[in-house]
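The first chain written gets the first letter, and so on, giving A, B, C, D and E; residue counts start at 1 in each chain.
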Amino acid sequence: MPNCGFAEIFVYHAGSMHIDEGAEIADLPDLLSDPKNVVWVDIRAENPDDVPAIKDLLLNTFQFHYLAVEDCLETRNQPKIEAFPDYLYFIVHGVKPDETSATNFITKELDGFLGVNYVVTFHIERFRSIKNVKQQLRTSPFACQRGSAYLLHQILDQVVDYYMPLVDDFDGEINHLEERVFAMKKGSNLILEDIMDLRRSVARLKRISSRQLEVLYRMSHGEFPQIPASILPFFRDVHDHLLRISDLSENYRDLVSSLFDIHFAVVGNRTNDVMKTLAVLSAILLPLTLIAGIYGMNFDNMPELHSRNGYWVTLAAMALLTISLLFYFWRRGWIFQRAEIAVGTETEKGEKE
Amino acid sequence: MPNCGFAEIFVYHAGSMHIDEGAEIADLPDLLSDPKNVVWVDIRAENPDDVPAIKDLLLNTFQFHYLAVEDCLETRNQPKIEAFPDYLYFIVHGVKPDETSATNFITKELDGFLGVNYVVTFHIERFRSIKNVKQQLRTSPFACQRGSAYLLHQILDQVVDYYMPLVDDFDGEINHLEERVFAMKKGSNLILEDIMDLRRSVARLKRISSRQLEVLYRMSHGEFPQIPASILPFFRDVHDHLLRISDLSENYRDLVSSLFDIHFAVVGNRTNDVMKTLAVLSAILLPLTLIAGIYGMNFDNMPELHSRNGYWVTLAAMALLTISLLFYFWRRGWIFQRAEIAVGTETEKGEKE
Amino acid sequence: MPNCGFAEIFVYHAGSMHIDEGAEIADLPDLLSDPKNVVWVDIRAENPDDVPAIKDLLLNTFQFHYLAVEDCLETRNQPKIEAFPDYLYFIVHGVKPDETSATNFITKELDGFLGVNYVVTFHIERFRSIKNVKQQLRTSPFACQRGSAYLLHQILDQVVDYYMPLVDDFDGEINHLEERVFAMKKGSNLILEDIMDLRRSVARLKRISSRQLEVLYRMSHGEFPQIPASILPFFRDVHDHLLRISDLSENYRDLVSSLFDIHFAVVGNRTNDVMKTLAVLSAILLPLTLIAGIYGMNFDNMPELHSRNGYWVTLAAMALLTISLLFYFWRRGWIFQRAEIAVGTETEKGEKE
Amino acid sequence: MPNCGFAEIFVYHAGSMHIDEGAEIADLPDLLSDPKNVVWVDIRAENPDDVPAIKDLLLNTFQFHYLAVEDCLETRNQPKIEAFPDYLYFIVHGVKPDETSATNFITKELDGFLGVNYVVTFHIERFRSIKNVKQQLRTSPFACQRGSAYLLHQILDQVVDYYMPLVDDFDGEINHLEERVFAMKKGSNLILEDIMDLRRSVARLKRISSRQLEVLYRMSHGEFPQIPASILPFFRDVHDHLLRISDLSENYRDLVSSLFDIHFAVVGNRTNDVMKTLAVLSAILLPLTLIAGIYGMNFDNMPELHSRNGYWVTLAAMALLTISLLFYFWRRGWIFQRAEIAVGTETEKGEKE
Amino acid sequence: MPNCGFAEIFVYHAGSMHIDEGAEIADLPDLLSDPKNVVWVDIRAENPDDVPAIKDLLLNTFQFHYLAVEDCLETRNQPKIEAFPDYLYFIVHGVKPDETSATNFITKELDGFLGVNYVVTFHIERFRSIKNVKQQLRTSPFACQRGSAYLLHQILDQVVDYYMPLVDDFDGEINHLEERVFAMKKGSNLILEDIMDLRRSVARLKRISSRQLEVLYRMSHGEFPQIPASILPFFRDVHDHLLRISDLSENYRDLVSSLFDIHFAVVGNRTNDVMKTLAVLSAILLPLTLIAGIYGMNFDNMPELHSRNGYWVTLAAMALLTISLLFYFWRRGWIFQRAEIAVGTETEKGEKE
């Protein structure tokens, strides 16, 4: 690839039945003119200086519609598919986990064109999925032998495959957050921020996957002549994978929003416990203090004060009152329940897993 | 079944009108060539070593599409149905209760192919429903006499029949949780975890049954030539059963999420009760303590202290104040209401059932 | 009806233009063979012993499809309609209030078949609506003169008519619950149970009526040849009635779930009130107690103690502080507001009705 | 109108091009027989004694379908439209504010029939919109010159015009309630009742307008031969007005239900404030009381008691402790914040409007 | 533009291929009669006195339908599109930020007509987007060379472009509000009002963009002959931009309503913290006060009082009890956690950005 640092070209020569990686951009018109070839041009616009050359390639060599090329070079587009007379233009999104946050993920845009005998892919970020397909091609020309649509299927299949680990991570993160909500050791606001972050991410995943689902639905239902009927089941397969992801993300959305419910419930319980502690404390200590206050009054005529065992009787009465109240509150379930519960939870959890 | 530990083959010979269980895999091409036979091959891939042989059987003997066979051998698929020129490929899910948890259930995938004169079923877990159909066939060839579609209906009918007890269990579990929420004796967080678990399960049931409903809707509406019109009412029947389950699970979803509402309300009431207790306590004891404190002051000139009955009058005043306050709070409905309520609940509940 | 305790047969003889109630099951084939007759067979399967005879009647005399008859004899089916070549099979649900609970209602299944010149109805529970139609027929043959579809319309109209009082009861019950939530005298958990019960009932009503609506929609849109175009407006009329009920039940669902919101708000207000009472109490009594405590200290050198009016000045200061604080809290709106509110509510309510 | 107190008849004579108000019911057959006339019969069934005469007019003179006439005479119907071979039957609802309650409104049913050269309207309550159209006709025959459909459009346009002020009132009422929720001076339960009432009203408005929208959608899409293509844009105009109302009522529904959220939040904040006050009070007064209590103990050997300035030092220490705690709580933002907030709110509000 | 202060007229002469800005209203009939010209009449009805002249221009010169002109002159319309035989009438909404409030935005109505060789735009407010297009035209006639539909596309593209910064502002405002909710320094009700305002704005944005989306969907799908197929992709492009905005506003709606959830949770946590502080305070000080009270009693026989170190032992015991309780509550996580949390939050936040 001497003259084009931004593009890698794979050509499957129908005649020789092997993959050629050495073609240059200048060779493309020749290569594309043979309908039996399968040409894959993978463009990575890492360097903004390459943009004019890329634009020239897409507009002039391939003669794509001006608007499609504009959309392609732009970022922040939604997944979509548009049919032009000779080719399809599509946008799909790849995902990768955000290393700095367990509750977030990063989307990467992959634009592409599918013609009868070519696939053009355009992206700015690195795609592991595209790297994988290239390595496959270097090993065997199989993915090209069934034509350009099958090659595209291979790429999309790889892109969608990277959704699953992400979704699994969310599953784990939801469970982890649920445990943290129940434990609620400290930093409750921190938990809230994480729930909110996860909520955003899951909503984003749902939105992206549902738009993408539409793209794949249309690709797999024989709407476009560029995708022959024999290849449709393969696209249907990718569609089914994505459907599962979309379903799961819908499900996670429900679960994440019920994390708020649980948080409210746990805080409510906790406040209730604190209140009970306070009420029990007051119920025991205020009467005792009153008794002490009464015998601290300075009336001249208070016979109890002069009785020999008055003090001891009073202390005994205080002790008795304390014990009775503790027993009463224990019966009402206001005290000495926490430890049991904690143990109970342990046991129940232990049994479950 | 000497040469194939993984497959059981039932053949209904149209001529002799009886069921033959002794066929081997090698006999299948012959048996399938007679369109009047009905062949059921039930494959249970218990042993991973059998996978290559199974793959060979499906790909070569039956000549199923490569992707369908791949999907079939994989697990974690959604219920779906796909039409191929000569056969249908479907995935349905069976359910069984999770013995270790009342709020959970386990799904088992059942893949299958329906041809003009054969049914192939593939599963990894044991299915009671399939066992039941086999026992039926051993008793009478009836289920095969109407052809392969009717046989499939029998299997699906049995699979769906095992949903109902599960749904009934959920019903019971929701009532049980509701009672626990109202009682809220101890372990409130434990209840929350159970509600959350049930919420997950019900959402899962809803999701599975609605996807499955789609499969059965398509099977029962004459879309596929493999299912003759005379058999359609039978599939419609299975569809109706599943519809009821789907409806109920939608309903349960509402009920489970209102369990959270009730939980909030019950905890709110409880906190309110505790607060009232605390307020009443303070309202009675703080004034008394103040009185005691006043007569505990050391002013030289406090005539009451020297009156003969000062002490007794003070004690009497305290008692009077206590009684007045208790009466006031009783009138405002802050105290002595709990017991009545409890009784009321008993009575009302008693009347209801 | 000497030989069939389970069935009542009404025959409208087109020739003589009168209703005959004396026919026996054995006469049915003859009666049905004249397309100008209108035959209504009402089967009530009160006695399980009659089931074989009923099955025989439906399967052999009427030659209904095996599955339809099975569905018919079963209970716990959803409302539905199924077209067979010569007849329609439908399930609708009647309702009646549950005498033991104002928040519940009971559904009764009514199965039926409509042919060109006959109506067959099958039920286990007693239907007031069917009784009404029978009495009508005994008075005048009018309901039969327009054919079997019109007769069916009469029956369904009566069945749907019994929904309205139920819906009205729900309306009243929601208002009643709302009042109870606002009053919240005692037994708050009891209210919660009633709200929950009503929620279940309303969801059930919504579910049943929407399924039934579908049945009537299909009946009233000329889809079935058994229902001639001239009769369609009558079915549309029943459909409209049901639509209104379905709409109302949707509405009630919203209202019932806002009862929870109100409950939370009322309990929140109440807790707030209790907290304020507690805070005011503490704010007044704690400072007084502190003052009493200070003059209860035993320092040798406390000049105030020896002043002549120290005690009286202290008491006066205490009274002044109390009054100031009360005034402050009254200004802040924390106390002495309840009575006004109560009065305000009375007045406002009074004005409204 | 000598012989019919219940009906007003307007006849536009195509020949003389003027409006005649003097026709009697007996003249109707003649008038209707000329397809170039436009006849409007407005029936107001104020007096129940007129019902038989009205029924006779509709059934015999106009020969409307029995069921349509029944629906017409009945009240409590939903907006709908039904096509009969020669005429349309429709029900729409007019609204007027309920004078006794700002959160409520009253609906009035207007039934009507549209034929090729006539409009029949039927209502029980007075309609300002109908009065307006009559006054228009008395001024100029314009509204009749384009035929019966255009006349109907005029009536419906007026009916829908009266929705807008109502919707504006709701807007104001929501803002008013929002202010009351934030102020929450007193009578919080009163606010809740008003929110609940408004919720009911908005849901009702949404329901009515969406059903009515359907009626107007069908009227404005060329479905009925009674409404010629040239008149369709006029009906589309009415439809657009109603659409705006329906949209707004959907919006209000959201806003009203968020009033509950705000209420919860405001009460939560308030409770939090009360709790803080209580906590600060306790945190300051309890330690002081403890100190006083300690120096009130009667131990023989308490050197501080005999020091000359012990009392004054203690009082100074108490003052110092009080000041430190106040400073601490002020730093934590628990006290002396309310006034600022109040001012802040004033300012911000002032800026906004 | 001597004779029409309200209208600016741009004429692209197909022959001379340049833009002429000097035409007058009187020239319009001539200019429009040449189908190769492209005429843009931009009307700004700043001055109410111009309304009759504008009406005359639209009704007589262009001969638009009476109702369309009426709608055009009116404000407060929803976005919509209506097809007339020779032209399209559309309403779209432009937006601009409200300078006085970060949570609000202002909508401006832009009405327009599209004919084969003309575009008429009508607005009352100033539109930056229209100003931009005019400046473009003054620079180059390019936007007119492809015909009137392409010119309209240019205008709509500019209008929709001004949505994006607004949406970005909302994004920022939501994040800002989230931070304020978590910080909740003071003025919590102020935050609530801002959340409520934002909620209204986002709902409004959602409503406007979804209606507008419909307009653009219809424009970009070849439904109208005024928009030739070659121009459709350009309209599809505008549609896609709007779709992204509509998607984002849906998303923001979710986020804004979860701000309430977070607010509840944060206030709940805060109340919980205050309660804990209060409970800890009471738990420590009430027992100490009781001890002091006991030794303040005046019994004759209290040996401890006379022991030499009684006072010191008591003080030491009090200190010991205090330390034990502090340790106990620290272990239970009720105290000394706040600082850590705050630090934790700082760190975590720091890491994230």
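The working rule: contacts are C-beta pairs under 8 Å (C-beta built on N, C-alpha and C of every residue); 3 or more make two chains touch, one makes a residue touch a chain.
Predicted model only: the values in this text are computed from it and were never measured.
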{"item": "For subunit E, the least number of touch steps when starting out from subunit B", "value": "2"}
{"item": "Steps needed, at minimum, to go from subunit A to subunit E via contacts", "value": "1"}
{"item": "Common touching chains of subunit D and subunit B", "value": "C"}
{"item": "Same-site or different-site touching of subunit B by its copy subunit C, using the half cut", "value": "different"}
{"item": "Length of the line joining the C-alpha centres of subunit C and subunit D, rounded to whole Å", "value": "26"}
{"item": "Where subunit C and subunit E are represented by their mean Cα positions, the distance between them in whole Å", "value": "42"}
{"item": "Touching two or more other chains - residues of subunit D", "value": "264, 268, 271, 275, 278, 282, 286, 289, 293, 296-298, 302"}
{"item": "Touch-based graph of the chains, sorted into line, ring, star, complete or other", "value": "ring"}
{"item": "Touch list for subunit D against partner subunit E, complex", "value": "178, 182, 233-234, 236-237, 240, 243-244, 247, 251, 254-255, 258, 261-262, 264-266, 268-269, 271-272, 275-276, 278-279, 282-283, 286-287, 289-290, 293-294, 296-302, 333-334, 337, 340-341, 344-345, 348, 351-352"}
{"item": "Complex contact set, residues of subunit C against subunit B", "value": "65, 67-68, 71, 76-78, 80, 82, 100-101, 185-190, 192-193, 196, 199-200, 203-204, 207, 257, 260, 263-264, 267-268, 270-271, 274-275, 277-278, 281-282, 285-286, 288-289, 292-293, 295-298, 302, 304-306, 308-311, 314-315, 318"}
